[in-house]
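Just dropping this structure here.
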């Protein structure tokens, strides 16, 4: 007998079908997705970037770096993570609980791995769109200051992907959607957003809180992004560590996402 | 025919003004919220008071280190954490009240059909509307007390007038809750409800929680000064810093008008809201 | 005394007319049934009488009062079981009953003392502290019915009360409703089950497309709109319709259903003999007494259970 929970190889056709289905679903929300993708960076850059920025820059708190420049890569990575979360959490709940369409898909030849992979890739596409728009906004605000600045785009998507995979794995196991969203929102995403060196260098936080940054993909992507967009100094070891950490998170997250999807479908 | 207790209770109210909309029993809606709190809602409600505190810790200390002190309207110089604490309290009063009076009402109306049950009893639609607003106020009050209990020992509320920030937060919640309820009565779909969230973000970002309005050009300041959250923040900030002058009355008046306008439209739209 | 009086009642949703000028009245202590196919306007009528929906025009008086002018006072007399359960999913069974009583303004202690009796009525004593979310469909239905009784209503309005109930629970409910009726409670019931209507209702009204097709006691209706007996014959689904023309002249009236033909007559046995004598041989045949089902079919052209 075949093990019910074994993670099986992705079949390309099946997986493509899931991606298409997800994208068709997103198209219904095109106007809102585009509106949010454009309005969000503009509002944050004007308010925090310029508002808080003018206070900080007048004191030159960041040693010559403009606050807007400092903030930009962090906002970019945050947008990637948020976009990714929206597109993995809701479809997971919809598929398993609200509409239960995953079970219908699973009764055709699609496996849990196909479905999870499809949802994930569709989410990545949407996130890429959001991040590119965000990056363009940053460019027009003059927040990018290096020829390598475009590399901040893949760096942000990388962070979104690794964190998104992990949350997708957890969402597939959640029993109560409301509680799940509450816990991820209030106890994971919000603290991560506020304490990952997003708004000020991580070193300014008390040492006993800095671990939040170290485990947070947002900090790794932000630090990397600062290196790429304005040449913030980091050592090669740190650079490699950022990449390895996010990669490891991505692999582990995806493994459990595939596993949990397959397991839940077999229930 | 034997007269039941329910009937004699209803008859006692029958000759009062507005008896067809109001049975004088909004407190039972609050009681329902408390029962639900005990049995299933305590976690979201209790954890809700963390949000402004997280912002306070992150911005107050981190960003505060970069910014240093800030000069406020009367020339007083205060730490950045002292500057933003009142803004965060006002914002959380707004967010809580708006959520309670919009999404919460919308869900109970369309998904849970909880109001259908309530309105099949001798309650009137105004009991339900006021009861939900009352619930929002109690929650706003509890969050304000919780916030002050953390912020005051941290030395962020330098003036004794700061005690009045608690009733001020309730007043602010009242204003937002009654407007929120009125707005919900006009909305019919998720897309329309989504507009509420979209419009809250700029209100939150620009109303001066994180910096004095003087960073913006004059024309932008004029626009921001029409926003309710700016009045809320100014009211609470001035009270907690002990800046007492006539402008406070202006801010209070702003919210009184909001309450009256909100309740006026809510009452007018009661049938549209509850008796579809 | 007429407890409920409805005159020229019209209810429109936008351009669509759901209830189109109906008239009826219900006496105190009476048990009144509304029958009709899906979309006939039964629930719309019930909601207007229940003072939770606004009418477009016409006159409605409940206990002499207009529901739009005295909603809370009227609803204090009513126990409402809506077609779709609207229990409070965040609460337990006991809490649902408790808070519902409180909505009526009943003192806490009064309601608390009633809980066990009502839970017993719903056969849910063992689920007292379970969340409503975790109940089965039939259990929710029973709880909704028990909830309607928390205020000791004079008028009980039941919109398809037995949907989702198993046969045993349904019979228990009929029995309990019958006892309430004996105590003088007025019942207003909609249903799709003829046996239920025959069991419970003193008087019935058949509605279709927002209008009243007929009104009277079950026996009156059968007498007026049907013959004494019905002969049901089957020729196999492809042949049934071919036989219609041949059989038409034999019976007072003939109805063609997808799986069988119904021949209305005063004596089924005689009719069958005549048909066989004419060398027509159905695969199966059955003689039975006319029922409300036949009245319904005659009036609405539709079979009741769709």
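All chains are identified by letter, namely A, B and C, in their written order; residue positions are counted from 1 within each chain.
Note that a contact is a pair of C-beta atoms (placed from the backbone, for glycine too) under 8 Å apart; a residue touches a chain by one contact, two chains touch by 3 or more.
Remember, predicted model here, so these are calculated numbers, not experimental data.
Ranking all chains by how far their C-alpha centres lie from the centre of chain C, first place goes to A. Ranked by how close its mean Cα position lies to the mean of all protein Cα atoms, the top chain is B.
Mean C-alpha position of chain A lies 32 Å from that of chain B. A separation of 55 Å divides the Cα centre of chain A from that of chain C. Centre-to-centre spacing of chain B and chain C amounts to 45 Å, using the average Cα coordinate of each chain. Against chain C, in their complex, chain B makes its touches with residues 1, 4-7, 9-11, 13-14, 19-23, 25, 28, 31-32, 35-36, 39-41, 112-114, 116-124, 271, 275-276. Considering their complex, residues 43-44, 47-48, 50-51, 54-55, 57-59, 61-63, 65-68, 70, 191, 194, 198, 201-202, 205-206, 210-211, 215-216 of chain B touch chain A. Looking at the complex, you find that chain A touches chain B at residues 32, 35-36, 39-40, 43-44, 46-48, 50-52, 54-56, 59, 61-62, 67, 178-179, 182, 186-187, 190-191, 194-195, 199-200, 204-206. Across the interface of their complex, chain B is touched by residues 28, 50, 52-54, 68-73, 75-78, 80, 82, 84, 86-92, 95, 98-100, 102-107, 110, 131, 147, 151-154, 184 of chain C.
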